[in-house]
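In what comes next, subunit A is part of two complexes: it sits with subunit B in the first one and with subunit C in the second one.
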Partner chain A sequence: MLFRVLQKDELSTLFDQLARANATVGPIESGIDRKGNPMYAFEPVSNFADLRLSYSTTKLPAKRYFLPYQEDLASFRMEGDDWQKNVDYNIDKPCVFFGLHACDINALNKLDKVLMSALYPMPYYAAKRMNMFIIGIDCQPQPFCFCGSVASDSVTHGFDLFLTDIGDCYFLEVLSATAYNVLKTVKTSEPEEKDHVRYMKVTAERNRKFTAHIDTSDLAKILDMEFQSPVWKQWGDKCLGCGTCANVCPTCYCYGVEETVNVDLRGARKSKTLYSCNVIDFAEVAGGHNFRPERSTRLKYRYYHKHRGFVEAFEESLCVGCGRCGEACLAGITAPEVIASVRGEES
Partner chain B sequence: MQSSPNKTRTYLGVPIARPKVAFLELSSCEGCQLQMVNNEATLLDFLSLVEVVAFREAMTEQADDYHIAFVEGSVTRADEVERLRKIRNTAKVLVALGSCACFGGVNQLKNRFQDPAWVKKQVYGDQVVESNDQAQPLEAFVPVDLRIFGCPVKKEEVEKTVTNVVLGKSVVLPKYPVCMECKANENTCLFDIGEPCLGPITRGGCDSWCPNSRMGCWGCRGPAEDANVEQMKEIMKKNGFSEETMLDRLECFGGFAKDADTLRRAMDRVK
Partner chain C sequence: MDHRLPFHEVIPARKWQRKTDLGSFEYTYKAEITSIYGLTDYENLYRIRIIDHDDRKHFSFHPGQFIMLEAPGIGEAPFSISSSPSNHEDIELCIRTAGNLTAFLSRARRGMHVGLRGPFGTDFPMERMHNGDILLIAGGLGLAPLRAPIAHVQEHRSRFDHVDLVYGAKDPSRLLFKFQYDLWKKDNINLHIIMEKADPSWTGPVGLITKVLEEIINSRDDSFIDNTYAIVCGPPVMFKFVCGALSERGVPMQKMFVSLERRMHCGMGKCCRCNVGSTYTCLKGPVFDYWTVMNLKEAI
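Right after this comes the complex of A and B.
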């Protein structure tokens, strides 16, 4: 890995260089909540001044840019006596992501394992993922973040450039040739020993600020043991089955596919919609049988996929500890509390 | 591909049936029917898909021979009961169109009053008006084959339903709550900005129509399957909204009539 140092006032030049030629997405302020705190969202940005690089977190992940909530996979059209099929991966140009936190980049790395490295890669995801230029940025721990517990508080791959604020300048990690070439357009310098020291001090200070945790030691095993635990029923009673936790999750990728015939009966389309395992008919099969009719079993299976099934398959959990699910859950169900209760601990 | 002599070959080779369709109304604002003529982009295709024989919002001719009857409105008069039975006998498929037909809709707000005579007096004064004490959904009188929820209905959903009926495909309505579509639309959660919303318990399919415009959900499509109304009450309370606010929304369209009744009784007991 290459390291460089970038003076802070050079960052807008870097942004302008990239945004001039590419679609660019970054954190912006989307509004003020009822407590007076700013809310943030990943939106297309063309003006550097609109970016909020010191954002706490966004309500929703950047998922819609690489795993849209709804996407047409194919469309069909009758042409005289014949028919045409059109397949579109729904990406026509590269996209710059300016200011993703480590958790959200780790989420992409996890999605890659399922959607790109698997036996049957998903081209709709791969096409978008391969056309991403990602600039990561360091974050300030929020009361609901537990990324450190799931090894997502820092990120070592899956991005092009990573910025860490070390005072009057940014410490840069340069990971791709593209990033190296892009940096030629701005003024950077070789980091000195004092910059290394500042980097280490800044990250150590940040790491001390995490307050939320989950205990993942032996968790896959413990989940197996506690399959019949009464705590699942308690959480199930609270759960709304609304699917919000999955929709705000940067790693939830489950989906349904539906074919819809056009009103003119001359065409049809096959579309994919992200779905949630907490929704009533997620495990409903042909004939109407539902394998998970109770909210408690559905909620349980979401935790089993994240912290047991995925761990068995990839030796890591399908959770980056961003805490968005707990923040968005109107019923106040949070991952640290659920995991602690399964372990028989007070959270 | 083998060439077919039939120039109108369609997707999966299903012949176009073009069923006779009637849009009919009982006590309602006819807003659901109006929705059907709102989207000009697909109107002609929709009209080619079916043969409309009755549609007061769009044509003057009327015929009493139809295959599918879309009935809008709730039953509030004795003569409407008769009319509905006649429609049921004529139509092979009876579709309850909109929340009035499905649950009684806004009209059923009068059902909450103990004294129907007082309600009538308040509304009509001394004028003599024949009406039932209760506003009821179609199902209270005849079997209903399909229900399309919403106040008003979402045109896309009606088109999809009709297309599926024509093709013989099963009609599946969303079972999840409005939150699913609201999140997919990347809306700010209304509770985050201090607005009450029944989205977490109301059946989706509306594409979160109201929350898209920062209007909290009033539950017009009735409960989602497995709706957690008890938790919803807790959430409203936790966010500082009164039981009265919750009740107003629960009882507005009739889909949550039972839950509204339970809550009202609980509130009366406290009083």
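Right after this comes the complex of A and C.
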């Protein structure tokens, strides 16, 4: 990894260089919530002034740019008993992500493992992922963030460039050759010893601000032990089974496939829609048997997949601790509370 | 450097759409329904043939694996293959009319084209069972995935010792593959059929599948424990009683194989619909040994 230092006023030049030639997505202020705080969203931006790089967090993750809520997998032309299938992997133009937090980049790295590195890589995802240019930025811990507990508070790969605000300038981590080339268009300098010290001070200060935690030690085992625990019923009684948590989760990738016939009856399309394991028919099979008919079993399953199944498969949990699910949950269920109660701790 | 160039070379579409590598994701073999045979009022046996000659030659599977069958515009679902792996011409699928796609298929006619992806999933380890006894236990539609291992046994009959097939059905009108029973018996496969509910035409035993199973277990000496491999498929509730009884008799859990059924939308370990506990049925299954299933939460 290469380190550079960028003067703050140079950042807009960097942005303009990138945005002029590429589709660029970044955090913007999208409105005011009911408490009067600004809400942020990842939207296409062309103007540096619209960017809010000191954003707290976005309500929705950047997921829709690489795992769209709805996406066509294939289309068909039909003639009599015959048909032709046309597969389109929806290969997009390159896209610049300007200002992703470490947790959101870690979410991408986790998705890579299952959607790109595992058996049967998914080209729909890979096509978008490989055409991304990601500029990360340091964050301000929010009261609901528990990324430190799941080792997602910092990121070491999966991005091109990472910015850390160290006062009057940005400390840059240059990870890719593309980023190195792009940086030639702006004025950067070699970091000095004092910049290193400032960087370490800033990150140490940030790390002290995390307040929410989950205890992940032996969690996979504990989840197995507490499978019959009554706490699942308690949380299940609260849960509305609406699937909001999956919608705002940067790592939830479950989906359903549906086929529809076009109105002209000469074609059809096969589309994939992101789904949630908390929705009632998720585990229903032909004939109507539902393997998880209760909300409690579905909620339990979600924690199982995130903190046990994924750990078993990839040695890490499928949670980046962004806390969006807890913030968005209409019933006020938060991951730290659920995990603490499963461990028998009062929260 | 010209910063107007794209950051990463956009990978050309044709490279993604090869059959191999990444391109296999949505690759569908086009197949033709060559015959539809009504097994009961609810189940049909579909014979389908991959149209492309080379594809047909290269398509191979193992007993217990499944395919994703697609009817454009209607839907796609997983079906276990009911025919012999050595039959490279046709693939046979025993399908019960239960949902959208299967209702559509029940109205389909010969010559219609369907899509086929796969084969996916794990298989019954038939080679490991060579020189042993095989106990096949099917409940209801569970006979469909067992027809492939039965065919394997028939074709390699000398490599297996005792072969018993225990089959439980609701009532005589729901018996599947009736035309095969004599052929199976001819190949020295002991067929034990039991009805949950008899009608006047039925002269055989009546009761639950475990009743016949107990009889078989009790009639055999202790070599049964050492030599037997069990293959079980049926409704979830059946696994517990059948495998439990065998386990009690002393058959090791890793020598019992069960085939699970789940909803699947991709067959490739992506959509999560088939997860049991947190294991993908499509990748680690559908065939599991009983020890693994016991350790999967909510599997049975």
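Methods note: the second predicted complex is superposed on the first by the 338 of 347 C-alpha atoms of A that agree within 3 Å, B and C clash if a C-alpha of one lies under 4 Å from a C-alpha of the other, contacts with A are read in each partner's own complex, and residues count from 1 in each chain.
We take it that a residue touches a chain if its C-beta (ideal position, glycine included) is under 8 Å from a C-beta of that chain, and two chains touch if they have at least 3 such contacts.
This is a predicted model, so every value here is computed, not measured.
Applying the stated contact rule after C-alpha superposition, one finds that A:70 touches subunit B and leaves subunit C untouched. Of the two partner chains placed by superposition, only subunit B is touched by A:41; subunit C is not.
After overlaying the two complexes on the shared chain, residue contacts for A:305 are found with subunit C alone; subunit B is out of touch.
By the document's definition of touching, of the two partners only subunit C reaches A:94; subunit B does not.
In the superposition on chain A, the chain among subunit B and subunit C reaching more residues of subunit A is C. In the superposition on chain A, contact of A:114 is made with subunit C only, not with subunit B. Residue contacts after overlaying the shared chain place A:263 against subunit B, while subunit C stays out of touching range.
After overlaying the two complexes on the shared chain, residue contacts for A:279 are found with subunit B alone; subunit C is out of touch. In the superposed model, A:330 lies in contact with subunit B only, and not with subunit C.
When the shared chain is aligned, no partner comes close enough to touch A:197: not subunit B, not subunit C. Shared contact residues of subunit A, touching subunit B in one structure and subunit C in the other: 76, 78, 81-83, 260-261, 268.
Considering their complex, residues 17-18, 20-22, 73-74, 76, 78, 81-83, 85, 87-89, 91-94, 96, 114-115, 118-124, 126-127, 130-133, 160, 178, 181-182, 184-185, 224, 227, 253-261, 268, 270, 272, 275, 277, 282-287, 289, 291-292, 297, 301, 304-305, 308-310, 312 of subunit A touch subunit C. Across the interface of their complex, subunit A is touched by residues 1, 3-8, 10-11, 13, 16-17, 21-28, 30, 70-77, 96, 98-99, 102, 111-113, 115, 236, 261-263, 265-266, 268-273, 275-279, 283, 297-298 of subunit C.
Interface of subunit B with subunit A (complex): residues 1, 3-4, 7, 9-11, 14, 16, 42, 45-46, 48-49, 159-160, 162-164, 166-167, 169, 175-177, 179-180, 183-186, 188-189, 191-194, 199-201, 224-228, 231-232, 234-235, 238. Residues of subunit A that touch subunit B in their complex: 30-34, 39, 41, 59-60, 64, 69-70, 76, 78, 80-83, 237-244, 247-248, 260-268, 273-274, 276, 279-281, 293, 295, 328, 330-332.
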